[in-house]
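Here subunit A shows up in two complexes: once beside subunit B, once beside subunit C.
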Partner chain A sequence: MNMENAQTEHISKQFDVEMENIRSGVLTMGGLVERQLAGALHALGSEENIDLLTVVKAREKEINQMQVDIDHQCAQIIVRRQPAAIDLRTVLTISKVVSDLERIGDEAKKIARRAARLQGNDRLIKMQYFETIHAGELAQQALGRVLNAFARLDVNEAIAAYDSDEEIDIAFDVIMRQLIGFMMEDPRTISSGLDVLFVAKWIERIGDHAKNIAEAVVQIVMGKDVRHASLEEIKAELEQD
Partner chain B sequence: MNMENAQTEHISKQFDVEMENIRSGVLTMGGLVERQLAGALHALGSEENIDLLTVVKAREKEINQMQVDIDHQCAQIIVRRQPAAIDLRTVLTISKVVSDLERIGDEAKKIARRAARLQGNDRLIKMQYFETIHAGELAQQALGRVLNAFARLDVNEAIAAYDSDEEIDIAFDVIMRQLIGFMMEDPRTISSGLDVLFVAKWIERIGDHAKNIAEAVVQIVMGKDVRHASLEEIKAELEQD
Partner chain C sequence: MQNKIIGFIFPVIVLLATFLVWIIGGAQWALIILLPCFVVYAFFHLIHLHLLRRWIASPLDGETQLPEGKGVWACILAELNIREQKHHGRNLQQQRTIGRFRKLAEEIPDGVIVLDKRDGIEWCNDKAQTWLGLDYAKDRGLSINHLIRHPDFMSWLTERPADGETPFPKTILLHAPQDSSKSFALFQLPFGESGRILIVRDVSDYEKAAQLRREFIASISHELKTPLTVIVGFLETIQDMEDENSKNASERRRYLELMQQQAGGMQRLVEDLLILSALESGQHSEEEQWFSSAPFLHQAHENAEALSQGKHEITLCEECRAELLGMYDELASVLTNLLSNAIRYTPQNGKIEIVFSIDDKNRGVITVSDTGIGIAKEHLPRLTERFYRVDRSRSRASGGTGLGLAIVKHVLIQHQAELLIKSTPGKGSAFSVILPAARVQNSSLR
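Let's turn to the complex of A and B:
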C-alpha cells in the first residue's frame, strides 16, 4: 500500500468513525424520546405523577440540545469530509430524522402536561384513557420500529412502521367516535372529553412523525425520495431490486 | 486578474446563480402554499366550492414535487460546490424550510377537505367559521411575513411572525372556549363543532410551521441555532450586535 492509499484509508476510517458517532447520537436521542413517551403514557394511566413534569421538562432540554448538537455534527462532517452519494444522503436525512424525533418529544411533553391536568376526572371519561393508552402503545411500537430500522438500515422494519401508523389512525377514529357519544349523552363531559381528544390527536401525530422517520430510512437505503410515494409503490420498487 | 482568480470568480458566480435558483425556488413554492391556504380559507367562507378539491389536489402534487426538487438541488450544490459557513447553513436550513412549507400545504389541504364536508351545517356552528377564518387570516399573515423575511433575510420581519403565531394561539383558545359553550348548550352541534375545532387546530399548526420558518431565517442570518431560544433571548442577542 503506498502512502497515498494509506492516507485515503485513514481519512475514510476517520469519516466512518464520525458517521458512526452521528448515527449513535441519533439512537441515543431516540432512546430519550422513547422514555419521554413512556413517561407521558404512564402519567395518563396513573394517579401519582407529581414529579413527572419536572422530569419531562429536564428531559426535553436534553432532547433539544441533542438535536442542535447532531445538526451541528452533520454540518461539520459535510464541511470537513465532503461526503457524497449515500453518505451525503444519510447526513442530510439524519437532520430530518432528529427534527421528527424532537417533535415526538414535544408531543409527549404535551401529553404529560395534559395528563397532569386530567387527574381526578370523572370515571366515564377516564375509561377513554384505556383506549388512548392503547393508541399510545401503538405509537411506542411505531417509534421502536423506526429506531430499529434506522439502526440496522432495515427497510422491511421501516415499512412495518407504516402499518403501525395506520393502526394508530384507526384507533384515533374509534376514540373520537366514542368521545362524541359520551359528550352527546352527558354534555358535562365535553370539556374533559376534548382534553382526551387532544391527547389522542398528539398520539396520532407521533405516528405521523414515526412514519416520516420510516420514509427517511427507506430513502437512505434505497437512495430514492419516497416521501410522496404510496406504500404500494415502495413495495413494488423493493421487489424490483 | 490571473487565470486562477478568473476561474475562482467564475465558480463563485456559478455558485451564486445556483444558490439564487434554490432561493427563488423556495419562494415559488411558498407562493403555491400561500395559494393553497387562501383556497382553503375561501372554501370555509363560501358555499360554492365544487371544483376546489380538484385544484387543491393538483396543487398539492406540485408542492410535493417542488420539495423533492429543492432538496435534490441542495444535495447537488453541496456535492459540487462544497459551500461553507453561511452558504452551507443556508442550504441545510432551506431543506427544513421546504419541509415546513410542505406541511403547511398539507394542513391547508385538510382544511379544504373538511370545509367541503362542513357545507350545509347549521347556522350556530357556521358562526364559528368567522372566528376560524379570522385565525386563518392571521396564519396567512404569518406565512407572508416569513416568506418576506426569507426573501430579504430580514430578522425583524421574521420576529414579527413570532407575534402572529402568538395571536393565532390566542384565537384558537377563544374558538375552543366558544365551541365548548355551543356544544354544551346544544349537544347536537358536537359533531360539527369538532369539525370546526379540527380546522382551527390545523390553522394553529400552520402558525407553528411559520414560526419554524421564522427561526430558520434567524438562524441563517445570525448564524446561530435559535430553535430552542425564547424570543427575549433572540432580541437580546440582536441588540448586542
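Let's turn to the complex of A and C:
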C-alpha cells in the first residue's frame, strides 16, 4: 500500500515537472517573440540605420527550433502520460499557442525587414509611420497581456486582450483610409505607401494571433471552446459559471 | 488554598466514612456509600473536562477567558490561563515585529522580490509590483520568468556563477514592460538555503542623464566638425595653389576670409560654451549691484544698431525707469543675445522694438519683439535647449552658435527671472524677460 502510494506520487510529480517545463518553454518562446516584435517596432521608429536584421534572423531560427521542440514535448507527454482534464486541454492548446507565437515571430521578422528597406526611402509618409507604430505598440501590449494571462491562467486578463484586438483593427482601418488618400493625391507615394500598408496588415495579423492565444487560455481554464465567438457571447458564457 | 483543601478534604472524608461504615455495617454497606460518591466525583471531573474542551475549540484570539474551576481543576486552569496570556502577548509582539519588517521592506526605495529555489515568487513589495507589472495576489508561487520574459533576463537568472567566484555579481538593465522610458537595474543576492532576493532599482533618471550627455557630446562634436571641415578643405586648396603665380591672390584672399569666418564661428561657440559652463558651475565673475535701467537699455540699443548696420528699424520704448538689481554684464548679455536673435531672424527693413515696463505685480518686464519669421508652436518648449535649432542651415549661415538662448535661460535662472516667448510664424516673435519684484525699484514715480 505504502509502496504504491509512493509510486503514484512520484509519477505525478515527474508529470508536473514535465508540464511545467512545457509551460516554461512556451513562455520563453513568448519572450523571444516579444523581443522580436519590439525590435521590429524600434526599426520602424528610429531614423538612424540600425543593423537589426542579423539579430532578428538569428532569433527567428531560435523561435522556429523552439516550436519544433515544444510540439515534440507535447506529443511525448500525450503518449507517455495519457493526460486528462486540464492537463490534456493544456497540452492540446499549447501546440496551437506555439504555432500562433511562431507566426507572430514571422510577421515581426517581415516588419523588421520592410522597415530596414523603408529607412533608405526619403519619400516616407511620415504621419502614417506614427499611426503604424502606435498600432504596433497596441499589438505589443496585447501580446504581453495574453502571455501574462497564460502564465497566470487568468481568464479576465485574456478577455481584456479581446478589446485591444478591436482597437488594433480600428487603427488598421484608419491607416488604410489615410494611405489611400495619400496615394490618390500623389502617385509618387504609392510604393512606400504600399510598404506601410503591408506593415500595418502584419501588425493587424499579430493582433489576431494574440487573440487566438487568449482564446486558448480561456479554453485551458474553463474547458470551453470560444473560438469564433463574439466578446459578448464569451462574457455571457463565463457569467453562467 | 481553599481549592486545595476542598480537593484534599473531600476524598479523605469519603474514605473515612467508608472505612467507618465498613467496620460497623460490613463491606456491602461500604460499597453502597462509595458508589454515589464515586458518581459525584466522576461527574465533577467530566464537567471540568467539558469546559476545557469547549475552551480549546474556541478561536485563539486571547479574548475567551478560561473558565474557573473547583478543586484541583482550579489550579490547572489558572496555570493554563497564565501560560495562555503569556503566549498571546508574545504572539502579538511577534506579529508587530513582522508587520514592522514588512513595512520596512515597503519603505525601501528599491523593489524587492524574494524567490524560492525554483524561481517562484515568494514575496515582493509594492514597488517591484508596479515597476515590473507583477501582481502579488495572483502571482504568488508563479515562476518569475513566466512573467518577465525578456530573453536576457532569463539567461541572467539561470546563469550560475562558476565555483570560486563571488556569487551573482552581475547586474542587468531592463525596461519597464508598460513604459519603455523607465529602466531598471536588477541585482540578485542569495537568500536562505537556495532562494534568492532580486533587488530592482529605478535608474531611469541616471539613464536619461547619460543619454543627454551622449547627445550633447554628439552635437558639440558635430558643431565643431562642420567649420573645421571647411577650414581644412580651404587649406588643402591653398596648398595646391602654392606653386602657381600671383594670379590666384584674390582668390586666395577670399578663401582666407571664408576660413576666418568659420574660425570666428568656432571661437564664438567655444566662448559661449565657456560662459555656459561658468554659469552652470555657479562661478560669478561679478557681484550683484543696483543699476539704472536707462543707460543699460540705451547701451543695448546702441549695440543692436551697430549689429544691424542700419538694416532694421530698432526702437527703444521706455514706459518707465527703474533701478535694477543683478549682474550687469550677464543681464546685458541676455539682452544682446535676444537682440542678435531678433536681428538674425528678421528680414531687412523689419522692425525690432525694445520695451521696458513694470507690470501690476511690480515686476520689471523687458520685451524684445520683432517682425521676423517667427517660430512654430512645437519648437517653443525646446527652444532653450543647447544646440536646439528650428532651422539648422539658417542658424549656422547667420552665425548662430545654438547656445544663445541656453545662456539666456541660465542667467535668468540665477536672477530668479522668467523668459516668456510668444510667437506667430510669419509675423514675428516677442521674448519677454520678467524680473522679480524684489529686483526692481521704480524710480520714475519718485
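In this section, the second predicted complex is superposed on the first by the 234 of 241 C-alpha atoms of A that agree within 3 Å, B and C clash if a C-alpha of one lies under 4 Å from a C-alpha of the other, contacts with A are read in each partner's own complex, and residues count from 1 in each chain.
As a working rule, contacts are C-beta pairs under 8 Å (C-beta built on N, C-alpha and C of every residue); 3 or more make two chains touch, one makes a residue touch a chain.
Remember, predicted model here, so these are calculated numbers, not experimental data.
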Joint occupancy of subunit A by subunit B and subunit C, clash or fit: fit
On the chain A superposition, what angle, as a multiple of 10 degrees, is formed at subunit A by the C-alpha centres of subunit B and subunit C? 170
Spot which of subunit B and subunit C makes contact with more residues of subunit A, would you? B
Once the shared chain is lined up, is A:109 touching subunit B (first), subunit C (second), both, or neither of them? neither
Which holds for A:211: it touches subunit B only (first), subunit C only (second), both, or neither? neither
A:32 in the overlay: touching subunit B, subunit C, both, or neither? Say first, second, both or neither. second
Subunit B versus subunit C as contact partner of A:151, first or second or both or neither: second
Which partner does A:194 reach: the first (subunit B), the second (subunit C), both, or neither? first
Quick check for you: in the superposed arrangement, does A:24 touch first (subunit B), second (subunit C), both or neither? second
With both complexes placed on chain A, how many Å separate the closest C-alpha atoms of subunit B and subunit C? 22
What residues on subunit C touch subunit A, complex-wise? 133, 135, 138-139, 142-143, 145-147, 149-151, 153-154, 177-178
Using the touch rule from the top, collect the residues of subunit B that touch subunit A in their complex. 61, 64-65, 67-68, 71-72, 74-75, 78-79, 82, 84, 88-89, 92, 95-96, 99, 176, 180, 183-184, 187-188, 190-191, 194, 197, 201, 225, 227-228
Contact set on subunit A toward subunit C in their complex: 20, 23-24, 27-28, 30-32, 34-35, 141, 144, 147-148, 151-152, 154
